[in-house]
Amino acid sequence: MHLLEIQNLTKIYEGKKVLDDIDLHLKKGTTLGLIGPTGCGKTTLLRIIDLLDLPSSGKIFFDGIDITASNVKDMDIRRRIGMVFQKPIVFKGTVYDNIRYGLKVRGKNEDSYETEIFKLLDSLGLAGYEERDASTLSGGETQRIALARVLITEPDLLLLDEPTANLDPLSTEKIEKLIAELSKKKHTTIIMATHNLIQGQKLSDQIAILNKKIFQMGTPEEVFLKPAHKFVAEFVGVRNVKKGTATQLEPDLTLIKLRKINIYSISHLEGLVYASIRPEDITLSKMKVISSALNEFKGNVKGIVDNGGLIEIEVDVGEDFTVHMTRKSFLDMELTVGSEVWLQFKASAVNVFECEC
Amino acid sequence: MHLLEIQNLTKIYEGKKVLDDIDLHLKKGTTLGLIGPTGCGKTTLLRIIDLLDLPSSGKIFFDGIDITASNVKDMDIRRRIGMVFQKPIVFKGTVYDNIRYGLKVRGKNEDSYETEIFKLLDSLGLAGYEERDASTLSGGETQRIALARVLITEPDLLLLDEPTANLDPLSTEKIEKLIAELSKKKHTTIIMATHNLIQGQKLSDQIAILNKKIFQMGTPEEVFLKPAHKFVAEFVGVRNVKKGTATQLEPDLTLIKLRKINIYSISHLEGLVYASIRPEDITLSKMKVISSALNEFKGNVKGIVDNGGLIEIEVDVGEDFTVHMTRKSFLDMELTVGSEVWLQFKASAVNVFECEC
Amino acid sequence: GYGQAQTLKIATTTSLEDTGLLTVLESEYEKKYPNVDVQFIAAGTGQALEYGKKGDVDLVMVHAKTSEEKFIADGFGTNRTIFAYNYFYIVGPATDPANINGSNATSAFSKIGTAGAANPTEVMFVSRGDNSGTNTRELQIWNKTDLNYTTEVQGQPWYIESGKGMGDTLILANEKSAYTLSDSGTYLAFKGNLTLTAIVTQGKDLLNIYSLIPVNPAKFPDVNSEDAQSWIAFVTSAEGQKIIGDYGVDKYGQQLFIPIAGQPEPTS
Amino acid sequence: MSEIINAFFQAINLIVSLDPEVIEITLRTMFISLSSTFFAALIAIPLASLIHFNKFRGKRSVMNVIQTLYSLPTVLVGLLVFLLISKSGPLGNLSLLFTPGGMILGQTILVIPTVIGFSIIGLRGVKEEIKELALSLGASNLQTVTTIMGEAKYALLGAIILGFGRAISEVGVALMIGGNIRGYTRVITTTMSLETQKGNVELSIALGIILLSIALIVNLILNQVQER
Amino acid sequence: MSEIINAFFQAINLIVSLDPEVIEITLRTMFISLSSTFFAALIAIPLASLIHFNKFRGKRSVMNVIQTLYSLPTVLVGLLVFLLISKSGPLGNLSLLFTPGGMILGQTILVIPTVIGFSIIGLRGVKEEIKELALSLGASNLQTVTTIMGEAKYALLGAIILGFGRAISEVGVALMIGGNIRGYTRVITTTMSLETQKGNVELSIALGIILLSIALIVNLILNQVQER
């Protein structure tokens, strides 16, 4: 049973299409990551689902009810949906006042929720904040209060708009854990708009790559490892995207002619294509090695970037390739700019997708 | 010559110390990353530097002028400092109105800046936005407008409070490039508060780890590779932090007794210490290998986490260690939970820091 | 003034201004003295005299003899010139519940007082209670009756103090079907909107004399006493007196004011 | 100028000596103007919400009309209400003319446009986001309105205090509808005009000072209430 | 009720027939009340900014006093200004009594507290962040104030329209200070009282309608100006 079903939804602002023919189906209990660049319509879509804005056309069914229909009581739907806004704001009053708001409007006995509120504050790293004037909180604190304010109402569908944008890694981790638990224990259905790819991938069962329209929807694996469009590929941070012409050689082997070199892939696509190889799927060695890797090229190190974690190495083998390696192997190989290296990757590591060019 | 010098700065809100004895010196043209968890005082510190808030005690010298002194004309200082706020807001009016504000108040001839404004908008990916009503922009668009609004005034000191919190990776990259260029070409001195460690490290010459007080200040290398405190270590994402007792064996070799195992390090600290080993500095193998690594332990794989990039493996060798490896080696080693593995790391890979316990 | 535009400020009681007589006098006067701009400031009697006491006007036109004499005695005004009179009317409901028709003013008031005390919902009297000329006269009449004003009249349920101008007081009396004392001018002006009738209209006690008092130039050197004198001369001239005598005949079908300049002050 | 100083002393004297007539008039003034303010707020604030929270054609015109009615002369209100409740008027049999009830009616009408107008301005001062936040957290329309009123309470109180100020200081309605009947409908402002007409400037100013003192006290109390 | 309908026709008739006296009075009314509103705004808005943007001891008290002055009765202002500008008063030699200038002075004083109070409420409606943003972008204190006024312009306009409403509709000052002199200081409201006293209810209502029409036009124009 789908909890949420969006059909042909379009939103136009001032004559400009901001959302274009969105179709989206979401099963109860799943978490959807809504990922896309800034201005792509994430917030707009969430606002429409939360009935804060009207679609220009299209239909939305929530739990089978057509919420775009005029006879629907918005409040009844909204009470089952919770949303954490991208720019979190607070009501006048204390943190506690803010959190109990949802209970108050639902006519719930607030006192019976007291321990729950305290537990929630605690789990958000905000123990002892209850009497603070909510307007004096820091950016990250405000964002967590906004989350608490929604969670206490136990929504069936939780809409999160960049819920950890203002949070440091430790707090982010806490919140992510909370969200994961929510999905697991309470089977809350969640849509999370984020530009944080790692986060989207970590928490989501499904990922939708949005840029006015939905470019790709699938499991994180599918989307990240097999982007279906150049836009998706670039956006999810796929590196080493090369344009070329593919010709099928054998049932499971294609040759792709790039500008200067040819590479092998196991894809079935032919004609103009994009090919990409993830930087960590490429191996470097100081000498030519005999291996099962079909793609092997000799070249020179053009650049070295140390960004704390992995070392990123730029290698020119006719085409430029980016390669990731651990600090250790890097130090062991004693690479410097100009070093001669061999570069290998398997045909199966080549991800081929359609070229819309 | 220091452009900014902060001495013994303390800020107390409602009897609570929010900033504690901050000392900070910043050379002209350098970029300082101000990194710390949410609520640690980043925004407070930036606001005080921008003369929007008063310190409870302490002094700030900007270009040699004591700006906490009462005879200083705040406006003259502020016109040389630009700040991008964490919660960006806009003035009523169009995007263009917003951007030219700083010029207008400085009495500059706006017309002569027109091409510059258009160039700036373009470089921020906002070409064609000039006539848009600024209040209808998306979160990320607003943040970029806020940046443009400050940049057009060419400040000597640029304060950025989480400048890319609402941006996707591509836009973030654009902004980061812009900031790097600014530092390089215009020698703008920059302080950037961020919880994005990678960003902090990528752009900064100096990093200050803040949590009410400055826990460590140094180059990114120093801070990330050699955290001087457990707080810093944890915060910068150092994993495998273990508590133990260190005894010096030789001039350059110390033995650290953990709960179940002993490890070697080249540190000189003795007594109660924390030791940490970066996950990418640990090698796994299926068999015992003869190597120069002093630390070698046998154990079992306890957990495998695939978070898209590197694979994270939890190994129990008496103590639990987290190890990072590429997808390729992971697949090649055919590891599963329960696999028996050998774990090695060099004594020089062990980072030892004081235990405040 | 010698060709120089001058203003002549005259403070007057509202009831006099309301009749419209002054406008006619003004236009005729200004034809004669084109350099003089006559300005009327209508106010309560006390207030009009107050303007005079501060030297803010050049002349006052009122109808409250006692106050006028005090004004002159205190040195604010030079002399008092009477120029017209008419009668106050005792008006009341046509049913005349206190049965005052045919009585003189004093006994009419006595009857109203007695009937009011006996039957306060049927017989009422509305007093202006504003120290105006009309109100002053009303009190004088009450004091001539056998009733003690402070204990038997004021504060009694049948005795309503409106604290307002004549017109409003008439409206109030009309709404309450009560008796009241009104100057004839205002009563005639309001007659069309009222069900009240004028019941007692003659007698010495109801005599209403209007006078002119120039503000003392010795006290206030800025005062326009030259034109004040010419105004007095005009109003008391034959021409002025004719205008006064004729005024209102076409509109109300009867004379509103009886000219009196140069004659001794009437007593009945 | 000495009159003003004398007036101050006279005001203090009137208050300290507990002059019974002054006390009576003062209490009546408070009763009438507080009542009209109360009724005006009761009508105006919901109306303001209706106007503010609904989108409809002609909303701008409604706003223009309301702003125009800030200029409603008290005499006009007095006249219209007079025609309405006078014996021969459509509400004549309610016998409201020349009663405190009639004055309350008139002042309420006088004050309503101002309270509506400034309540709308107050509500407009609350960010649209607060409305959306309330709705999103499951508030009904009514609850949302209440929440926004809470956020705007400072400005709403300002509107009410303004309404009270207008009611307590006006004289046109009080004279026309109340009739300034001594011991029944006489209030401070009508007494002030009366005394002014009589030429009793000092007494009149003294009464004005008493009126402002009442206003100050009412204000302080309302501000106190709002704090909580 | 028929009086009201008649009054409407009479109002239309007065306007259409271009009755010279009505036109004269109308123009004078506009001149006087617009001038007082202008001067009041000129004084009140800077004062409001001063109060709003500065922290000082007793700020709350100042606010309380301002709110109290919403209750300033027009008669009291009339009396005080009268004492000030009367021949025997301290400003007697300016000869302002019974002149339009005096009326403007009195109405300006009457209107100032309200305009200050609601300007402050308007300024307070602008988020603190906007102030900080302006300062941070290098605005001088004055420029910051201007910016915030720009953000608050809707509410400031409301305050000015309110002031205008109070000025054009008041009668106490106009009577006391102006003296209701025909052809010189007679304005719509004083004519209305006069005609009411004379029993000309319909004419009085007709004048009230004309007054409201002026107010509507002034309003529309001010709103138009604000849009730009």
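Per-chain numbering from 1; labels A, B, C, D and E assigned in written order.
By definition in this document, a residue touches a chain if its C-beta (ideal position, glycine included) is under 8 Å from a C-beta of that chain, and two chains touch if they have at least 3 such contacts.
Keep in mind that this is a model prediction, so the values were computed, not measured.
Chains that touch both chain A and chain D are absent from this assembly.
Each step here moves to a touching chain, and the least such steps from chain B to chain D number 2.
One inter-chain figure worth recording: chain D and chain E are separated by 18 Å, centre to centre, where each centre is the mean of the chain's CA atoms. Distance from the chain A centre to the chain C centre is 92 Å, each centre being the mean of its Cα atoms. Inter-chain centre distance (chain A to chain E, centres taken as mean C-alpha positions): 59 Å. Chain C and chain D have Cα centroids lying 36 Å from one another. Chain contacts: chain E has residues 89, 196, 201 touching two or more partner chains.
Chain B has residues 87 in contact with two or more other chains.
Multi-chain contact residues, meaning those touching two or more other chains, occur in chain C at positions 43, 168. Contact between chains, as defined at the top, is found for A-B, A-D, B-E, C-D, C-E, D-E. Considering their complex, residues 127, 129-130, 132-141, 143, 147, 150-151 of chain E touch chain B.
Interface residues of chain B, counted against chain A in their complex, comprise 13, 36-39, 43, 86-87, 136, 138-141, 144, 161-162, 165-172, 195, 197-198, 201-202, 220, 224, 234-235, 237, 278, 280-281, 283, 307-310, 324-328, 349.
Interface residues of chain C, counted against chain E in their complex, comprise 9, 14, 17-18, 23, 37, 39-43, 54-56, 165-168, 171, 189-190, 192-193, 220, 222. Interface residues of chain E, counted against chain C in their complex, comprise 86-89, 97-98, 179-182, 184, 194, 196-199, 201. If you check the complex, the residues on chain B that touch chain E are 47, 50-52, 74-75, 78-79, 81-83, 85, 87, 89, 91-92, 101-102, 105-106, 149-150, 153.
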